[in-house]
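Got a structure for you, written out below as structure tokens; questions coming shortly.
Labels A, B and C are assigned to the chains in the order they are written; within every chain, residues are numbered from 1.
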Amino acid sequence: MATRIIHLPKYSRLSCLVKPLTISARTFATATASTNPPQFTTLSVDDRTGIATLTLNRPPANALNALFMGEIQRSITDLEKENCRGLILTSSSQRIFSAGLDLKECYKADVASLEGLWCALQNLWRTLFSTPLITVALINGHAIAGGCMLAVSSEYRIMLPNFKIGVNETMVGLAVPSWLMDTYINIMPSRRIAEWDLTSSRIYSSESALKAGLVDELASSKEEALQKSAAFIDSFSKRTLMARAITKQQFRAEILRNFEQNRQHDLDIYLSTMQKPSMQEFLGEYLQSLDAKK
Amino acid sequence: MATRIIHLPKYSRLSCLVKPLTISARTFATATASTNPPQFTTLSVDDRTGIATLTLNRPPANALNALFMGEIQRSITDLEKENCRGLILTSSSQRIFSAGLDLKECYKADVASLEGLWCALQNLWRTLFSTPLITVALINGHAIAGGCMLAVSSEYRIMLPNFKIGVNETMVGLAVPSWLMDTYINIMPSRRIAEWDLTSSRIYSSESALKAGLVDELASSKEEALQKSAAFIDSFSKRTLMARAITKQQFRAEILRNFEQNRQHDLDIYLSTMQKPSMQEFLGEYLQSLDAKK
Amino acid sequence: MATRIIHLPKYSRLSCLVKPLTISARTFATATASTNPPQFTTLSVDDRTGIATLTLNRPPANALNALFMGEIQRSITDLEKENCRGLILTSSSQRIFSAGLDLKECYKADVASLEGLWCALQNLWRTLFSTPLITVALINGHAIAGGCMLAVSSEYRIMLPNFKIGVNETMVGLAVPSWLMDTYINIMPSRRIAEWDLTSSRIYSSESALKAGLVDELASSKEEALQKSAAFIDSFSKRTLMARAITKQQFRAEILRNFEQNRQHDLDIYLSTMQKPSMQEFLGEYLQSLDAKK
């Protein structure tokens, strides 16, 4: 497996065809410059298959801070430019895919930091959800809140047994943002169950997630999961990749439009919630209880 | 079980946090003043659990007229202000949850009365569908048309066996209003089946409704159903109630927006249908046939 | 079975009631004059039941060219005016329901012809999808791409065993148009599966289509399928037909609105894709390979 990227002639014009259909995004600053070398991710590309594997590596819990999210986002954008075919998202940890937003960065933070964090989350979601790449989440550990967001924003989810997955924002006093809600509904077979899940912060086991349709397959090892990921990517014929990408974009266009229209309002809800004294007090206690568990 | 309401400190600011997100409604007059004492409903609140039970009590069929609907709506609004946690909607009848709109009030009625009736229905739906309260329909009898509307507008449905449930507006010559359609689709797992149900006035038995996903659980007695209702309400942690309420509202926001935009048009369709001589003739025959059955 | 149409008093005002709700369409020229006699279809109406059977008859594959599609569309419009109750769409072939768009007419065609073809497809879809008639697709052969479009635009699908069905536009380098996407999602129980199907050009067998919810019933013979089609149409009480038609229209209104807003853009995508030299080159090879199979 070579590191860095080949040009695959059959779909080399993927990005230039697809780009004009992309919804124009208002510019939101990302918290980090794009020139920093990767710090929390490893990217490898198989030259033979055109499949990239992006491994999340911010121990212990792959908690999503602005720097980490910016890195993931830029990796995806780079892979698009390099005309890679498919992307597998996985974790270097044996235990945690991602525990979600780094709440430490929400505690006693100034407005600029809070805004940077939430915009990084929005931007990461937007990039992953709309990428023309074929995306697979290889969930080899717990995928909670923002971790589950990464999974449901992908096109396919393969999970290892005995882990937990779910969107539990309400448990820390946060409303589920509407774009994450739409993304979750896009995956779950039933709106009725989706509403209950999101309002009650339901956490599924790997096995119940499979039954509920929240994940597509289980695999008994990371090896097997990688094979299944490649099989999903191979279900798309190479000569259909441009038409496939436009079809995917059109399928997801309304959710992206709603996000763009609602982006500032979504940020405002987060900021006003996070700046409440009661929320900060809760966060302080919560973070202390996490420390106590160690 | 005490009658009237406790203040539950954990979620006491529920309504003030949630209200600003509520869609601004154009003012539509309700047919009754808000100062009348309850006539067709009984409201009891368990101080210990914060769970209210609203019992429909307009014999023989809980037919929904403007007065009755206004009463239900105001009870919900009052409970929100009093910061109650959950609401169970049930019937005092052993046989009928609600048979739907009171068609007697549609027969030979003047325009103002027809308008009052339909606006009361719209307002009741809007209030029940968007309330921050945790809502359960305890369907201890037939739930037809407007009766089924009450059920699908709630977050959870527990039904006793051997009853009927469904939206059969087309059987009396009425188109299903678009907000009820959206509410029905929000519950049913399949749009394909939802369309067939609504266009063909399909009525389900309790058992087939469970299988179809139209209700969530069956219970063999009202007692058991009350226990299951409380269990659903308890699936929401008390400290998540504010975030839960905003999440519920955002989940249902698009349907509420569509309703507001379409509200006058929806009223116009109803009025023009009801004022057709053929419709009035049909209603006369229909009401006579109901009398004959007694 | 008599040929031509009776007036059924119970629903004779169907079209005049329903028409005002129809979304106003911008005028797009159809490729053929409406005075031509039918050439590729047979229409028979059972006077007793009010059920019309429209048989596609353009051997060998019922490939959809502008003339053929205009004919199907006008037949539907005529049946609406004549106040027919239900429509069964089937094929004269024992092997193919329809293989979709006639790609021969896309090869080395001038812009006017390409535009005429795509507008005829849009118009046919719009008419079939929005008709107040009760529509059944009796799929007695392969239903591929545009053939599958005819099936999913109908209200009910009965399929004979051992055939293939699916939307495989991406296999010939075309993005799935957004209105077809919405129509497919309207039928399939899961958006997650619908997206995979449309992006990967999945083709189902009759049996797997039934299991996936893409078709509603299988029938072992055309005779049995005709009986099942009539049973579906009879599931709608005759006196509900007006309310049924408005309910159907409202159920499908948002998809129709999105189509109208996006119509020109949808045409532009098709035209720009078809005029690419690489696309024309591919088409040439593809058509040659089809000829070779004969």
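By our rule, contacts are C-beta pairs under 8 Å (C-beta built on N, C-alpha and C of every residue); 3 or more make two chains touch, one makes a residue touch a chain.
Nothing here was measured: the structure is a model prediction, and the numbers come from that model.
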| At the chain A/chain C interface, shared numbers over all numbers used: above half (same) or below half (different)? | different
| For the sequence-identical pair chain B and chain C, what is the superposition rotation angle on Cα atoms, to the nearest 5 degrees? | 120
| remark: Taking each chain's mean CA coordinate, chain A and chain C are separated, in whole Å, by 38
| remark: Two or more other chains are touched by the chain B residues 189
| note | Note: in the complex, chain A contacts chain B through residues 169-176, 178, 181, 189-192, 194-196, 198-201, 269
| Partner chain C, residues of chain A touching it in the complex | 155-156, 185-189, 213, 216, 235-237, 239-240, 242-244, 246-248, 250-251, 253
